[in-house]
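Consider the two complexes below, in which chain A is the common component and chain B and chain C are the respective partners.
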Partner chain A sequence: MSELTVHDLHAGYGGAQVLHGVSLTVGEGEICAILGPNGAGKTTLLRALSGMVKGRGSVRLDGAELLGRPPDALARLGVAHVPEGRGTFTQLTVEENLRLGAYVRRSGVEDDLERIYTYFPALKPRLRQAAGSLSGGEQQMLALGRALMLRPRLLLLDEPSLGLAPLVTRELFHIVRAVNEQERTTVVVVEQNAHLALGVAQQAHVLETGRIVLSGTAADIRADEQVAQSYLGYRV
Partner chain B sequence: MSESTQVSDRTTAREQAPARPAATRWRWAAAAALLAAAVYAPFQLVPFHVFQLTMVLIYAVALLGLNLLVGHAGQISLGHGAFFAVGAYTAAILLDRWDAPYPLTLPAAALVAFVLGLAFGVPAMRLRGLYLALVTLAIAIFLVPLLKRFEEVTGGSMGLSLAKPAPPAWSGLAEDQWLYFLALAVTVAAFLLAASLLRSRVGRALHAVRDDEAAAEVMGVRPAYYKTLAFAWSAMFAGIAGCLYTWVIGFVSPDSFVVNLSITLLAGLVVGGLGSLSGPVLGALFVMFVPSISQDINEAAPGVIFGLLIIAVMYVAPTGLAGLAGRAANSIKKTLRKG
Partner chain C sequence: MAGFLQQVIVGLGTGAIYASLALALVLIYRFTGIVNFAQGELAMFSAYIAWQFTAAGVPFWLSLVLALAVSFAGGMLVERVIIRPVEGAPELTVVIVTVGLFIFVNAAAGWIWTFLIKDFPNPFPGGALHVGGLSVAFSTLGVLAVVGVVMGLLYLLFQHTKIGLGMRAVSANPDSARLVGIRVGWTLALGWGLAATVGAVSGVLVAPLLFLEPNMMGGVLIYAFAAATLGGFDSPLGAVVGGLVVGVAETLAGAYVTAIGPDLKVGVPLAIILGVLLLRPQGLFGRAVVERA
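Moving on, here comes the complex of A and B:
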């Protein structure tokens, strides 16, 4: 639905700079994959996009500057962030978690709940259950469903496959693609599992120590020898 | 056939809490029974015990407020007694200086405590953990000298003596019974208010901030706003409880609201159980009766006994008495189902 333009983004924690001038563009309704080793700054990049860490440079969504606004203001603008580790509200029920996803909106919540159940039928019988009692896969589904309750223009996913069984991960990416196709949501997904990420993304960037070292279409990146060795585990 | 039974069995086992409708029915039944007992009790007890029960209700309202802050918003306050005192003094001063009618003192006490809670909450809620504990403790410490200082309105260390609300003739009640029913009505209203608050969108946001502040924030929930609001609400309930205290005791003095009160309230809440509606009631029973029981056990050092009892309860029931009661109720239900 929306175009994301990141230009010369610097961000970090206190004195420690993590991102050193990241620039990228994600077209309307596209999925963009961010690959890179641990500690490269992938999580920090998503945090900067959702306002959880401060940044310098420019982050525009359909032309509107996002940098400098607090996270809740960005949520109101339609930026949904599924954080690393899912951020499940473990003591709340599944339904309460979903309703919190629509916190910044007041209308159409019931319809959206129904829409979420069509994407995630497994959640429906568990609505009254404490979210902490869900399996890891179900919690990741819940986290994604909760983010969709915002009706996001920009969806940020931080390593959704982390700690999940391969079958569950594949199902999850299947849903991500379905959402992207049906709702034209622009998606930025950070992933260690490059196979899966490149399978759904149109374009990808490789981030190393806070800088983008390689950009291209998913097919280009997949064909790159260096990437193949480092992230896909085979030689081209 | 056996296949489907197995599946449904597994679903039940996975559910941590039973499905809401059944749980709700149990809870309503328990609440109704408790209310019936509460209405019946003052006609069966001697006046002193009625008075003690009235104090339990008052502490329950104060703990209900503290629970909003500690149990539901995940913050801490060592100064809750100060807002209790604010409510008590607001009512006392209104009655003493302006001869205000009793019903008016209740909303006034609630409002003054709420506004003060908001005023302290805005800066305090920027702090965390020990720093917050320290600042709230300071509020409680400064209160007593402050009350003594403004002698013209507060009566200084002598305090203020007031007439208690008299039972109207139509009620046919004795004074202790009338005070008890006033406190009971306010308590029930306060619990209903808190319950509906917690069930709303606001309650969900509060719990979200407690569970995972960062995740709540990216969903648009402003943690600082909710923490401040929780602080103000908790102060408001403390103020309401303080007003009831003035009605029932008919006397306020700085020495009734020393720092110890704040600490006892926090201890009572933790012992009663955080984050549930029954926790404040159980905590109130603890706050009311355990100090006098400790006195009976050892006159020389009731504080030591009180402390040991807290440790004992936390050892047996780390989630408080409410958690213990919940577990007992569950096992009784299971036994009933099996039998």
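Moving on, here comes the complex of A and C:
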């Protein structure tokens, strides 16, 4: 639903700079994949976008500056971040986790719960169960469901495939694609599994040591054999 | 037998008071992972505030409501001003800060109201209910009822309100709570305010029994620690059950074990703390954290 413009973003932890001037634009309703090796700064980029780490430069969502605001304020602006490790409220029930996703919203929460169950039918029989008792795949679905409960303008996904069986991962990306198509949610997804991410994204950027070293349409990047070998770790 | 049951009833009455302070301890521990050694002193201060209102001629129940409101605001203020700067510091730092708060509040009460004991009005009628051969003092019934009501209100707040859900989310995972839009800082302050209010109830219940003076909560705090340890430091229900058990155990030990008697019965909570920590560290109702990766 919204256009994201990142310009010359620098970010890091304490004295250690991780991002050195990242610029990118994600069009309204687009899925953008951020690829790259471990330690490239992919997670830090998402954290800067959701306010979890401080950044310099500019991050605008439909023109409104996001930098400098705390994560809770960004959530109220419609930025939903599924963090690395999923961020599940493990002691709370599945339903409570989902309701927390809509914490800043007032109306339509019940309808949206039903909407989440249609995307993730596996969650419905487990509503009263502690979220910590779910399997990894179910927890990832719950995390995505929780983010969708915000009705986000911008959805940030950090390594959704991490630790999941290939079949589960594919299902998850399928759902991300469906959500993006039905609700025109703008998505930034960070992934190690480049093949999967490029399968759903319109555009992609390759990040290396805090800089974007390559940008293009997902199809172009997938077609570039050299990129495939040096950054994405597989042969075409 | 009747004598024994009579002792149990007396124990439940004192246990309910321990339970109310233990409940305040558990609230803060669940939210922030802090064991607040100053909880008893804050409760004592609240009792003084209530006393001050009654001394000014305000009716008792209105004084209580006013004291609870002041305590709530005071608890939030303590979190904002004293605890916030050490948020995220090592546990020892935070513990020492609460010990410092203990000494400060104690001294402040002495400075404002002197260390001379004051007579605190008993909100409950004298006399007792006689059932069979037993008599249950109205004040015991009153204390049990108050603690029951507090427990019920907290349950409703946490399980059936949005703000309660937000509070539980903050205690479960502060980072994720931020990401869904919860103002974590204010929620923690709210937790302290709530705990101070629950503690204030306990102070007001203790004051008429022990007379009001700045050191009155010292012993009660030890029993409350025993209650919270027994029940499980992260379980409000455990705090209440633990409080009742500790109250009964203390009374029975004082009455029937001649070696202990009334003088040594303060050793009972210490024995309970030690025993629980050795046998079941998470307490009766506490959760040992078990999660799937």
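Please note the rule applied: the second predicted complex is superposed on the first by the 229 of 236 C-alpha atoms of A that agree within 3 Å, B and C clash if a C-alpha of one lies under 4 Å from a C-alpha of the other, contacts with A are read in each partner's own complex, and residues count from 1 in each chain.
Simple rule for what comes next: a residue touches a chain if its C-beta (ideal position, glycine included) is under 8 Å from a C-beta of that chain, and two chains touch if they have at least 3 such contacts.
Remember, predicted model here, so these are calculated numbers, not experimental data.
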Side-by-side fit of chain B and chain C on chain A, or clash: clash
Chain B versus chain C as contact partner of A:108, first or second or both or neither: neither
Contacts of A:90 with chain B and chain C, given as first, second, both or neither: both
Touched partner set for A:136, first chain B, second chain C, both or neither: second
Partner chain in contact with A:68 - chain B first, chain C second, else both or neither: neither
Contacts of A:128 with chain B and chain C, given as first, second, both or neither: first
Touching both chain C and chain B, counted on chain A across the two superposed complexes: 50, 52, 70-72, 75-76, 80-81, 83, 87-92, 96, 99-101, 103-104, 132-133, 146, 150
Partner chain A, residues of chain B touching it in the complex: 11, 14-17, 19-20, 201, 204-205, 207-208, 210-212, 214-222, 275
Contacting residues of chain A [partner chain C, same complex]: 50, 52, 70-72, 75-76, 80-81, 83, 87-92, 96, 99-101, 103-104, 132-136, 146, 150
Touching residues on chain C, where the partner in the complex is chain A: 162, 165-166, 168-169, 172-173, 175-184, 287, 291-293
Contacting residues of chain A [partner chain B, same complex]: 50-52, 70-72, 74-76, 79-81, 83, 87-92, 96, 99-101, 103-104, 125, 128-130, 132-133, 146, 150
